[in-house]
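Chain lettering (A, B, C, D and E) follows the sequence in which the chains are written, and residue indices restart at 1 in each chain.
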Amino acid sequence: MAKNDILLSVEGLTRRFGGLVAVSDVELSVARGEILGLIGPNGAGKTTVFNMLGGTFPPSSGRIRFDGTDVTGWPSHRMAQLGLTRTFQITSLFPTLSVLENVRAASFRRAKTGWAGAFFRTRAWREDEAALARRAEEILDFVALGHRRDMPAQALPYGEQRKLEIAVALGADPTLLLLDEPAAGMNPDEGAKLVQMIRAIRDRGVSVLLVEHHMKVVMGVCDRLVVLDHGVKIAEGQPQAVASHPEVIRVYLGREKVGA
Amino acid sequence: MLKVSGLKVRYGNREALHGIDLEVGTGEIVTLVGSNGAGKTTTLKAISGILRATGGQVEFGGERIDRLSPHAIIARGVVHVPEGRLLFADMTVMEHLELGALRAPSGKAGYARRLDWVFELFPVLKERVAQRAGTMSGGQQQMVAIARGLMAEPKCLMLDEPSLGLAPIVVDTLADTILTLHRAGIAILLVEQRVDLALRLADRAYVLETGRVVLSGAADALAEDDRVREAYLGA
Amino acid sequence: MDFIVLGQQIINGLVNGMGYVLIATGLTLVFGVLRIVNFAHGEFYMLGAFLTYYALTLFGVDYVAAALLATIAVAGLGIGANRFFFRPLRKEHEFTILLSSLGLSLLIANGAEELFGADPKYVMSPYADEASEIGPFVVTEQRLIVFAAAAVVMAGVYWFIRYTRMGKMMQATAQNPEGAALTGINTDFVHGYTFALACGLAALAGALVAPTAMLFPTVGSWAVLKGFIVVVMGGLGSVTGALLGGLLLGVVESLGGGYISLGFKDAIGYAIIIAVLLWRPQGLFSVSRSTR
Amino acid sequence: AAQQKPPVKIAAIAPLSGAGAFDGQLAVEGMKAMAEVINQRGGILGGRKIELVTYDDKGTPEEGVSAAKRAMEQDNVDMIVGGWFSAVALAQKEVTRDKIINVMTSSQHPNVTEQGHKYLFRLNATSTMMSDTYSKFICDKMKVKSVAFITINDDYGRLEVENYKKLLASCNIEVKGNEFYNRDDTDFTTALTKLKALNPDAIYVSAINTSQGATIYRQIRQTAFKGTIIASAGNMNPKLIELSGPALEGVYCVSLFAPDSQNSSLKQWMTQYKKDFKNEPSFIGSLGAQAVQVLAEAADKAGSSRDYDKIAQTLKSRKWDTLLGQISFTDKGQAMQNIYLVQVKNKQIVSVASGS
Amino acid sequence: MIKGRLPLVVAVLGILPFVVGNAYLQHMLVLWAIYALLALSLNMIVGYLGELTFGHAAFFGIGAYTSAILSMNYGLPVWLGPFAAAIVAAFFGAVIGYVALRIVGPQFAILTLGFGSILYTITNYWVDLTRGPMGISNIPPFSLPGLDIDFTRADRMYYVALVVLLLVAYGCRALMTSRTGRAFIAVRENAPLAASTGIDVFHTKLLGFTIATALAGVGGALYGHYLRVITPDLMSLQYVAALIIMVIVGGKGTIIGPIIGAGIYVALLEALRVVGSLRLVVFAALLTLCVIFLPGGLVSLWRRYAGRQAAGGAS
């Protein structure tokens, strides 16, 4: 892989909570156009990795490079401005806004005209508004939520809220999307649809880092897998190879059958 | 044992359940299958009294329970382990178990026995009686939630998506646990998005779509049903 | 000489602080368990003081009995207040609930002005003017009683919340109301109980502190402000925090008033909480520490 | 036929809620009692009754302005009595300026009458007038060598301390210290601890609010201060004595109001007051009464309740016998009143000697 | 909801003083317009940023004092007073916001209370500048050079206040359809999520807080030049409580809500004079009833009505 094909690279990533080392010396990278799966037992440190990448808190040590920039310790909004957007493990939306407004609210990066434009209703402002509205509609259609556009987000059923989360993340126009358990609460059929959607997201030119326990989804969509246990990377590689790794089976998969 | 008939529930002025009929017999495992937003959680909440039904009725052991408060329903043996666990983040595992036994019919007398039983089911919890629930991993939290429910001496246990967010290996343990409870004679109403798993465990199943029961029958028969296979099993 | 003044000011501060502690404890319980920032809390303090006054003057009972009667009566009122002003709003936005408490506060305060009259009153306690000299320091018996009674009550409240079943039910309800309901806890009952306890504590504070100054229907707004400061400084929902925060505020105000300027007393109190919050935004004791 | 005549409407604007409510209430009661006395005599201007319209200014300038506007525009009153707090008075006088006769009562701020609006009058003595009288007595009769002050933090308080510092220095009484407190304070132990540590012979208490005053007097005793208490000018009233308990016994004060005076209109008023209200007649009530009394008489003399030029002129042109004794007005509308020295004896206010 | 009817609304507002006819009611109209402006400014914090503040009255006071002192002691033309007031209030707002906005929720509310109280104390004690508790009186009113228009008269001042109010209302509306306003809402609804979409939460809040305090300063300046007396009491909690009532009773997070809320507040207190001394009791009772039965504020009544219309039309 050529150097500039690497979108995200992480070295020696470590995070301590008091005495607990939640993430220990992890190394991983995501190439452009790649879908990387991050799996591991509960409490392995996956969400903690996400939080550091997404800028929720800084790593205790280690370095994060994104799109050629050293972004170690950057806050969330700067990460997002650079093109790295995350979703949250616990559903996180703008609850009282409508579905459409949720996506619009996320398009901060895209909007150009500020308050003065709106005050004088300038042409630039009107065009900007129209373009953003079109784009939001397009994203909603993409995640198949177009029919819900005027419903408040909090009234959506759980599964659709998860889809809306993805739509919101896409609204922020990322180049790398971090998805934390998007398939939680989905049945196998919905899981299969999600696989399609993630592929489609990649086809829009967005790389994906995916945390998921739903093995059908993981095996169906990921190009590569990284496995964490107790904060330590225990395996990495092609999905099939990882799934038959005895240590991975012992600590994570158990007797689950993971045919792709 | 548990009999729901014509159950209706509304959120604001939108009706979410349009008249649900279902039954759980003594010692049976029954599963509710349905896509997102079908109304599974709503059904369980209405049975446990968290939501008020706007129509229909719920009977348990021949007694109407749909006008009772949650604590009274629990006292009768209908226990709901909710979606998302809803633990008390700053309280210890032991405190959860104590509070779980609050309405147990056998009172103090049965407490020690039940505690042993729960620890036997979930040995991890015994090691961690003094740990605060909020600091436990997802799977452990799920165990605490189920254990808390078991301490109430359920005759009928309702589990809402117990596998949510759990690693595959923990889901296996969970399935074993459900079967153990079943063998102990507890009726189980299981809501689970892992439809394959749910149908494997259950005796009977109901399929819910937008607030209505559209199919029901023996679990293994439904697992072979084309409509179910297509809509829920991704086949 | 200077040490005597210093010591005297610290004693004054501790006594005032204990009054704040009693007020703040109820406020912090209501916040912790019901998530309500209760603006009307001060009015229950005021009612406690007034009912003590009327029990003394109309029924002619002695001061201690009057204080207890007032405490019990106001605890009962608290249950009613929760029933009518807060329970119907349980699912509403926090600002709406806050406005309801503001409305309740205005209602009680103005109602009291109408009912009790505008003339200031004095709650006669046999201990009010008895100055006892402890070494070089002077403290009235009443102030000693405020301190001692509050200390005993606080120990009781702490024990109650930590070790009794009701206390644990309160903790559970505080941390996850829906989870608590599903565990078999009657959360409405717990809420009413918490309100009664909180209002009772406020009333007790009113009954104890009243004999140290005059009484008028607007004292509630003073009480609730002090309560808020202490609660936020100590950590929302934390009883230990209310105790330490209250004493700290009392002493800081007293020393600030004594050594800088009396007029700046309040401002100095605020400066302290600003400093505390900037250093520890969650307060001296966050909820998680104390309820454990 | 007298019944048919329209009443003379006088607006009574006072704080009736909030911190100043009690004092406002006393004032309005005093006015009502005096109006009743006058009405029983058959009213003024050939049988017109006096009707009081009360307004609550809550002690804030904004409400004071609103109340004055309402009185003038909406209720169309004939004359206004108001401005109990100085800040309210300062705001109100701009609204009523050159439009309506406005009598300010208790406010002591010099600015109120400084500019001399043509229809504006003030009854209370300024704090300078009071302290002149009082300091003479303190110097001559009280055997104290040093005084410490506890003072309300406003212009009234600030001015008072400044005056006394000068006046007392002239007779070699040392001012050992001063502590300012705020209008909403309820605990003074901090300040009193500090003052007590200075070991003064006397503590001078400057308080205009009854409840704060009572709290301070009590707390002085509670800190075991054994010296003399000097009560601030103009503030002695029966409620204060009742609330302060033994702390006030024997304490001196200067006041425009001496309840044991033999003035016949005072007696009439006091009888009426006690009949109608459960509070005791007080200084602040008597000032209200005086306002009604002089307005009624002046309107009667001027032959109109609306010809303000004439009423104002009449007021300034002669001396008036009122329930507080004889008064006259300066060109700027400031009243010149008798100042009495009073003392609390057996829980009663008794006059000691009459000043200028 | 008033779209399309806007010119009508403006016209009605414009002739109101003539309709009410009497100077006292005109005075009420002025108070309404100024309160509405202040309620809008508070709404920016409470409704748009979703934070509660107990310190808002301090900025109102700062504005009033700034404009009064500059015009009286430093010869600043009165018309420039509100601008100066906005700048000075915004300066204080920015500094206080910079410190306090690191914290959210009830703690933030108490921090603002603390800062407000400190500003009050300073105003109360800096006698040389502010004249302390006696306040400043004889503040010059607005005037037009050469023209003899008396802006102490309510019917004149009403138009000044109304123009400012309408400008601010329009500005708020424009803000909410701009990138900045959407960022406010995103931050209110879910700050971590807003950050993850690229919004700088802290600076967004700081901006909103500063704008709100600047507007409060303008309101203070208008108030001072109209009433012509100001005291430190302007900074007291009583005003904050009144503004909170207006915003929430009217409907937070909307533009029309706080304006209506201010109107109800002024009108209701006035109308309740008929019940005499029970006025405030009845007011409080009505307030709580309104909260309990209309928790979303008065605008929710409209929404319910509009919703029913729509639902009725659809079925």
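Here is the rule we use: a residue touches a chain if its C-beta (ideal position, glycine included) is under 8 Å from a C-beta of that chain, and two chains touch if they have at least 3 such contacts.
Small disclaimer: the values here were computed from a predicted structure and weren't measured.
Novice: Show which chains lie in contact with subunit A and also with subunit D.
Specialist: Under the touch definition, subunit A and subunit D have E as mutual neighbours.
Novice: Applying the touch definition from the top, give me the chains sitting in contact with each of subunit C and subunit E.
Specialist: The common neighbours are D.
Novice: Determine the shortest chain-contact distance, in steps, between subunit A and subunit C.
Specialist: The fewest touching-chain steps linking subunit A to subunit C number 2.
Novice: Among all other chains, pick the one whose mean CA position is farthest from the mean CA position of subunit A.
Specialist: D
Novice: Averaging over Cα atoms per chain, report the distance between subunit B and subunit E in Å.
Specialist: Spacing between the chain centres: roughly 51 Å.
Novice: Compute the distance, rounded to whole Å, between the mean C-alpha positions of subunit B and subunit D.
Specialist: 75
Novice: Give, as an integer number of Å, the spacing between the C-alpha centres of subunit E and subunit D.
Specialist: Roughly 37 Å, centre to centre.
Novice: Mind checking the centre-to-centre distance between subunit B and subunit C? Centres are C-alpha means, answer in whole Å.
Specialist: Roughly 42 Å, centre to centre.
Novice: Can you list every residue of subunit D that touches 2 or more other chains, as numbers and ranges?
Specialist: Residue numbers touching two or more other chains: 16-17, 153, 182.
Novice: Quick one: which residues in subunit E touch 2 or more of the other chains?
Specialist: Subunit E, residues with two or more chain partners: 124-125, 277, 280.
Novice: Who touches whom among the chains?
Specialist: A-B, A-E, B-C, C-D, C-E, D-E
Novice: In the complex formed with subunit B, which residues of subunit C make contact?
Specialist: Per the stated touch rule, the residues are 165, 168-169, 171-172, 175-176, 178-186, 188, 287-288, 291-292.
Novice: Can you check the complex and tell me which residues of subunit B touch subunit A?
Specialist: So the residues of subunit B in touch with subunit A come to 11, 14, 33, 35-38, 41, 83, 136-140, 161, 164-172, 193-196, 230-234.
Novice: Mind pulling up the subunit D residues that touch subunit E in the complex?
Specialist: Listed in rising order, the residues are 16-17, 60-62, 65-66, 69-70, 72-74, 86-87, 90-91, 94, 109, 111, 153-155, 158, 182-183.
Novice: Considering only the defined contacts, which subunit C positions touch subunit E in the complex?
Specialist: Touching subunit E from subunit C are residues 31, 37, 84-85, 88-89, 92-93, 95-96, 98-100, 102-104, 106-107, 110-111, 113-114, 221, 225, 228-229, 232, 236, 261, 263-264, 266-267, 270-271, 273-274, 277-278, 281-283.
Novice: Across the complex, what residues on subunit E touch subunit D?
Specialist: Interface residues on the subunit E side: 22-25, 27-28, 31, 124-125, 127, 131-135, 137-138, 152, 154, 227-231, 233, 277, 280.
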